[in-house]
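Consider the two complexes below, in which chain A is the common component and chain B and chain C are the respective partners.
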Partner chain A sequence: MGAWRHFPIFMITLPLLGAVLMPFLGYLRERWVPYAALLPLAASTLLGFLLVGRIPAGDHLSYHLGGWEPPFGIEIRVDHVGLFLMLVVCAITLLALVYSRRYIEKEVSPGRRTAYYVLYLLMSGAMLGFTATGDIFNLFVFMEILALSSYALVAITGNRNAVRAAFKYVLMGAPSSIMVLLAVGFLYSVTGTLNMADLASRIAESGYTEVLVVSYILFVIGFGVKAALFPLHMWLPDAHSIAPSPISALLSGLLVEVCAFALVRITFSVFTRSATDLVGGTADAVGVAAAAAVLYGGIMAITQKDLKVMIAYSTVSHIGYIFLGITAFTAEGLTGAMYHMLDHGLAKACLFLCAGNFIYLKGYRRIEELRGAWRQMPWTCFAFALASISVIGIPPTAGFISKWYLILGNIRAGKWLYTIVLLSGSILAAVYCLRIIYYMFFQAGKEEAWEDASRDVPPGMLVPVWALSLGTLFFGVFSYLLIPSLLKASAYLL
Partner chain B sequence: MRLLHNYHYAAAMALFCIGLYTVIVRRNIIKKLIGLNIMETSVFFFYISLGYLDGGVAPIHAGSADPARMVNPIPQALILTGIVVALSVTALALSMVILLYRQYGTLDVDRLMREEEPAAEGAAGEGEGGA
Partner chain C sequence: MKRVLSLFFIAALGVLLLYVVASMPPMGDPQTPTATHVIPRYLERAEEETHTENVITGVILNYRGYDTMGEVTVIFCALAAVLAVLGRERRGRIRGFVDRSPVPSSTIVRTMVRFMVPFIILFSVYTILHGEISPGGGFQGGAIIGGSMIIFTTVFGLYESSRRIPQKVRAPLEGSAVIVFFLVGALGLVGGGNFLTYAWPHAARGLQPALVTWLTVLVEVGIGLGGAMVLISILFAMIREEEEIALTA
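Presenting the complex of A and B:
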């Protein structure tokens, strides 16, 4: 019983504790808050990396809160896939927080900056807890912390468009949370337990198939809204484009993905293989919606004039990719979905932070205003190009690896139509990404559009952007570090 | 007969549908929030009726009460959490309504969303890139 067994709970509670303490610091020394907020997240990241390699293959780390044995107490359950996603969450939240300091000074009024960091830490802690928990009611609680802090963060600037976008998000997000709560209630009513592992063993023998199916459909709708799965995505383009850029990066790069991961947990850890026959029909419907999302998001992204809205629609498309990987029900497909969570998180966060750089320096939001941006902001533009390449899925970036496994998984499952959809999604991505690259690098902008700009943004904003874009390259070249263990972990989940 | 016996579940689901209908169909955002609260209440009612026992006693093991007649306390504990969450969501949404009303001067959701569309909602852009 080493101390490392306690690491997962500290990874979750340190950011939450930081969020509680931050208002006091903000009251005394507001200028220290951006630095102090880094501490809990850095500690979580460190603990996460110390956990790597400690969990035996094909097994999980189970932690009992307060020493109450499951199924009575709340269990924190970290397996390889969960730890992988927790590390992604830690790394990206940490980088976006480093980025936030300068950006927030410009976009958020002084009285609200402490609130920004409090909500930011709450959201990070909730995402970690959401990924790690092994109890479905606890899952609901973390989802609500996550949702409430993200509603408030979208509206943090307080201008009218931001509040409207956030309200639209609440109007869709709050009913979806209630549906998840109802689904949890249905599962509890037929099994009498809330622990995921215990549920998995009891679901098979409980006779109430209709209740189980309805419960699964409610989970799909609930998490589908939060993950912005195609017909339920309406809130996303507004909320993701109007929020401050570091928050857009977090919403687009992480929030939708942890919600998709929650559906992975529900499908594979709760309903499991034995009950897959029950939910197979729903999963097929999810597959159709995901395929529609890939195409719809891509086409909408092409038609956009605003850079951040375009990136947001690209997220709608890529959520479709993740869901197509999940609904393939093969180890390769699930590996592709998990790897896509990594590289989409890195690339999309990078794109949003780059868009933030243009807003920070010049206030430019529209795509055609970026003509000739390369000469003034070479570093930002190169990072943007690298992340775009990963979004399209060109080797040697991580986007290629994940799309490879997604397609492989769908071929294994005999879903040829989805394979074609996945490939055409890449073509659409190429159209909308290369258009921006063309504007940035190969078109002469008006001289006066850039003349007063200083040469690129301060290093505090460039370093996170470059760390993210080099991350997509690193995980593309060195994918062999992760893929074998992910394949094994996916087979364990299946 | 089973439905008649489990009428409280049917009531909870009817309430849920009324709430969902209100959230989707009503144009006034205050009414939408009321619908949201009806949905929440219906779920709370569903949970509480799960644990209810006719003529049940409080689940305190110290006395001489028969464990088989005790009310299940877990749904009640869960719903305490659920109520706190619902309260926070409602408070946040209402504060947003106040901000929206100050800035747009209307509570009608159609007018709110129509007014001054974000610049992004344009027609096909000049997508000559990609070549």
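Presenting the complex of A and C:
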């Protein structure tokens, strides 16, 4: 065991440490904050990549904080699936932070910019801690940091609509946090432990079936709100469309996925296979909700006039995809869900950042205003098109790979109806994405709409957008790099 | 319709929760899973293992110190959220509009507050330093300091109190809880243990327990200072907001 055992804890705590140091730096030199904020995230990303290949296949890294063995102390537990998601989080948060500097200068007033970077780092660190933890109370603690920082980041521009959207988000988010806390309390009262692995063994022999079932239901509702699972998604379209674009990218591309992953951990690492018959009914209900989400999100996205609201509804639809992969209870389905977290994260972050480019340069939010956008902003438009292709699921992008495995997983599970739902979700996605591409490239806009300003946005905003959209292409072409180990890791989780 | 539907859901949730509470293991029974699994070790061995006399402190700062590190981050996050929505008071701008107290106060009140605040702060220092032995600790002590400054600000106004604790003092101290936790955690690594192992590297064997106790107290002090500064900064941000609204109205 080398020094690499300590990497995960530093991946989590360095962004948190960076966040608490920012107010002082902001007091001394506010201009430096956007650059200084990059350091802890870059360090986390580096540590994450150094960790690749260290964890033996089909095994996990268990790190005992303070040296106390698990049921007594807190455990950090990183398996391949967890490490994969942590790397996705690191990469996307880093890119969106690079993007943030110019965008935030324009959107957020000077007195609040430091707070933006503080909250951004807190949110990134919390997502990493949330993904890596092996303790359900610790899960709750990180969920609170995550929730609080995301509420505030939605409201950060301070205008009336933003505050209203954030308030709506709080109204739904706060009760959901309490539900998770209640669920943790219930589980503790019947098992006497908070460690996930220990819980898994003690749940099997615990006699308190009612308490266990209700606690699972509360977990599903609690994380369901945070992950915006239909019909608990009401806060999402407002919050995700009104937040500053880099934050929209993070909320849509990462936060909902990370919360869905928490439910994966609760389902497979805590309640486990042996208890599946215990919670099977709830899991079936989640499947129905997820199928409804795929269709509802897709149809609502088609009817939208505002670009960011449309992308937000597309997220509602894709969360349904992820949950359908989870409820298939097959290795292929789970692999598809995990891969979908990656490609949806990349593609959705890219779409939101592209929408941010239009807002930054022209102030355009409505879809109709994008007619002929191609002439002035070719780079942004091409990146948007590439990410849209991944959202639809056309090869050779990563979206195709993940949908392939999602469908495969559902066929293996014999769930034909869901397979049809998944396919029709893609058709809906094609309708709402291709409409935008059609407007951008094949319709002539008004001359005066696109002629005045300079050409495309500055490189600091284009590079992250292109990195994300090329990422969807890369993971589509080179999916064999990840799929085998994800399949193995999923089988290990099941 | 909407109202009936939501009432129905709330009632259903209430019934569900009551039903669960009824089927939970009885409170106070020594044979419940909670009383037999993890807790006995905490109660029996916390003092020798964590070198703190107060078992609660041993659990929250040592056995489950990582959770507490998360909790202090939540507190800091609350401040960042307030500052994101309200904005921090700007340097040098305060004098213009907030040098009077919002509450009219008599000489008696002013004198009493001026007299009491040092003693309240002294008490909070006791609470923080004694958290390792008796009920109390960083969270409580920090709240007491914050409370004393709330009294002071109510009577003397924002200008007087922000002159005593200016932003240049608060800004570096707001995160002191997380910083101290991180440093103590990293120190555990230097000593060859894991993150948050309370240990002093290369200490003589006999000295180790005392040093671990001192590290625990150091963390308490960090939590107390950080918590106090967070409370005070939130207070200032909210007063400033009030004043701005009053001015623009």
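As a working rule, the second predicted complex is superposed on the first by the 494 of 494 C-alpha atoms of A that agree within 3 Å, B and C clash if a C-alpha of one lies under 4 Å from a C-alpha of the other, contacts with A are read in each partner's own complex, and residues count from 1 in each chain.
Following the convention adopted for this analysis, contacts are C-beta pairs under 8 Å (C-beta built on N, C-alpha and C of every residue); 3 or more make two chains touch, one makes a residue touch a chain.
Quick caveat: nothing in here was measured; it's all calculated off a predicted structure.
Enquirer: In the overlaid three-chain picture, which partner chain does A:G73 touch, first (chain B) or second (chain C), both, or neither?
Expert: second
Enquirer: On chain A, which partner touches more residues: chain B or chain C?
Expert: So, of the two partners, C touches more residues of chain A.
Enquirer: Using the touch definition from the top, say if A:T13 reaches chain B (first), chain C (second), both or neither.
Expert: A:T13: touches chain C, not chain B.
Enquirer: Touching A:E144, do we find chain B (first), chain C (second), both, or neither?
Expert: both
Enquirer: For A:L295, select first, second, both or neither according to whether it touches chain B, chain C, the two together, or no partner.
Expert: In the superposition, A:L295 contacts neither chain B nor chain C.
Enquirer: A:F167 contacts which: chain B (first), chain C (second), both, neither?
Expert: After superposition on chain A, A:F167 lies in contact with chain B alone.
Enquirer: Classify the contacts of A:A115 with the two partner chains as first (chain B alone), second (chain C alone), both, or neither.
Expert: second
Enquirer: Now for A:R366: first (chain B), second (chain C), both, or neither, which partner does it touch?
Expert: The first partner, chain B, only.
Enquirer: With the two structures laid over each other on chain A, which partner does A:S189 touch: chain B (first), chain C (second), both, or neither?
Expert: Both partners, chain B and chain C.
Enquirer: Have a look at where A:T303 lands relative to chain B and chain C in the superposition and call it first, second, both or neither.
Expert: Once the two structures are laid over each other on A, A:T303 reaches chain B alone.
Enquirer: I'd like to check the shared interface: which positions of chain A are touched by both chain B and chain C across the two complexes?
Expert: 137, 141, 144, 148, 151-152, 155, 158, 163, 166, 182, 188-189
Enquirer: Which stretch or stretches of chain A touch chain B in the complex?
Expert: Against chain B, chain A makes touches at 137, 141, 144, 148, 151-152, 155, 158, 160-161, 163-164, 166-168, 170-171, 174-175, 177-178, 181-182, 185, 188-189, 194, 237-238, 241-242, 302-306, 308-309, 365-368, 430-432, 434-439.
Enquirer: Any idea which chain C residues touch chain A in the complex?
Expert: Chain C residues touching chain A: 16-17, 19-20, 23-25, 32-39, 41-42, 62-67, 69-71, 73-74, 76-78, 80-85, 87-88, 90, 167-168, 171-172, 174-175, 178-179, 182, 185, 188-189, 193-198.
Enquirer: Considering the complex alone, what residue numbers of chain B touch chain A?
Expert: 16, 20, 23, 29, 32, 36, 39-40, 43, 46-47, 50, 74-75, 78, 81-82, 85, 88-89, 92-93, 96-97, 99-100, 103-104, 112-113, 118-120, 122-131
Enquirer: List the residues on chain A that touch chain C in their complex, please.
Expert: Counting only chain A, the residues touching chain C are 6, 9-10, 13, 16-17, 19-21, 23-24, 26-27, 63-68, 71-74, 109, 111-112, 114-116, 118-119, 122, 125-126, 129, 135, 137-138, 141-142, 144-145, 148-149, 151-153, 155-156, 158, 163, 166, 182, 186, 188-193, 202, 206, 208, 210-211, 214-215, 217.
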